[in-house]
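Okay, here's the structure, questions in a sec.
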Amino acid sequence: MHIGKVSGTVVATFKDKVFEGKKLLIVDHLTPEGEPTGKYWIAVDDVQAGLGDTVMIIDEGNSARQVVGMDPAPIRAVVVGIVDEIDIAV
Amino acid sequence: MHIGKVSGTVVATFKDKVFEGKKLLIVDHLTPEGEPTGKYWIAVDDVQAGLGDTVMIIDEGNSARQVVGMDPAPIRAVVVGIVDEIDIAV
Amino acid sequence: MHIGKVSGTVVATFKDKVFEGKKLLIVDHLTPEGEPTGKYWIAVDDVQAGLGDTVMIIDEGNSARQVVGMDPAPIRAVVVGIVDEIDIAV
Amino acid sequence: MHIGKVSGTVVATFKDKVFEGKKLLIVDHLTPEGEPTGKYWIAVDDVQAGLGDTVMIIDEGNSARQVVGMDPAPIRAVVVGIVDEIDIAV
Amino acid sequence: MHIGKVSGTVVATFKDKVFEGKKLLIVDHLTPEGEPTGKYWIAVDDVQAGLGDTVMIIDEGNSARQVVGMDPAPIRAVVVGIVDEIDIAV
């Protein structure tokens, strides 16, 4: 898993029904300290994440298919959690 | 998923029948702001994307096999959607 | 597998029950010489690793699902061992 | 898939029989414009590609196993096509 | 597959029995010309590779599980061959 921040949304026209009614989030990859790394994902939202939320994202097909409860399905990245606290040793 | 832009096409001779009649697109990876990152994929087209279109691309074998409806099949990247709107928080 | 160092923990709210009672570690990727590479994972702990421990991490869904004994499960990176010794040829 | 150029061959001693009689190619990753990116793969040849050929390469285990017709098999990258034409929009 | 060089070994304490009696190698990624790229893997040895050997490495879970003959198993990178000869076109 990775730490990310929801920075936007994407609206697209898909042929596959797995995307029906799904919200697609732009999730910027963050360092544990909260700095953007420049990497990002377009991910399906499973936890009602909002703009600016710090989230947990998984980028693996089988994980994503299980989360949306549809297999087979052409899907890979999914937001699975909302981060409450990050503790870094000093 | 990733945001990409269709910048060209490839014609190749394959042995595997999964590629018969399939259009192969050159898809440049974009940032959410629309800048090319330098990364690209050769992807099978599932949505009649045209040159210059901004698209959603998935790079995962099981996703691609489901989209083309053929399994097993040696295929991994596939264009699954056409982007209508990108909203970035400011 | 990769060599990493546990540098912190993350607490998050998940919908999926695979994360119930699991400790999530921030694991910084190290070179064999012990220098951080800048890459990191959020991984499920399977070996009671503590802060500062040098660990073995695997980043693959099927490995992670087997380790937690739950399949399907949206999970990918897992700490599977604690490093006792690294020998580098000179 | 990716565009690559066959720049050499590798001869190695394997334990697994999937490699028996298989030609292993060094394939340099190219940009769509034909410039090497610095990345490369060692791939099993499925299309009788020769030195200097521009080829289509897939780097995914299930694709590779299907192409060689052996599953399970420890194999991941495979040359699946020979590029005839690349068209880039200007 | 990738070309690597065995540069060391790792001893670690694992919970999973797939690692029992397995030798873990530090394998530095090489260019076809033999230069280290800075990337490395910790891989299970399947071919009695020794320090300094140039080897073929595969980084894919299903490949690794087949090589060690144990599935499920939390394992991903495995040394599958010893390189005898690399020929690069000039």
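A, B, C, D and E label the chains in the order they appear, each numbered from 1.
Basically, a residue touches a chain if its C-beta (ideal position, glycine included) is under 8 Å from a C-beta of that chain, and two chains touch if they have at least 3 such contacts.
Given the structure is predicted, the values throughout are model-derived calculations rather than measurements.
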{"item": "Same or different residue numbers at the subunit D/subunit E copy interface, by half rule", "value": "different"}
{"item": "Averaged-CA centre spacing for the pair subunit E and subunit B, given as whole angstrom", "value": "32"}
{"item": "Where subunit C and subunit E are represented by their mean Cα positions, the distance between them in whole Å", "value": "20"}
{"item": "Of all residues in subunit D, the ones touching two or more other chains", "value": "61-62, 65"}
{"item": "Category of the chain touch graph - line, ring, star, complete, other", "value": "ring"}
{"item": "Ring topology as an ordered chain list, initiated at subunit D and continued via subunit E", "value": "D, E, C, A, B"}
{"item": "Residue numbers on subunit C that touch subunit E, as the complex places them", "value": "1-3, 31-32, 46-47, 55-56, 58-67, 78, 80-89"}
{"item": "Complex contact set, residues of subunit E against subunit C", "value": "7-16, 19, 24, 26, 40-43, 51-52, 61-62, 65, 72-77"}
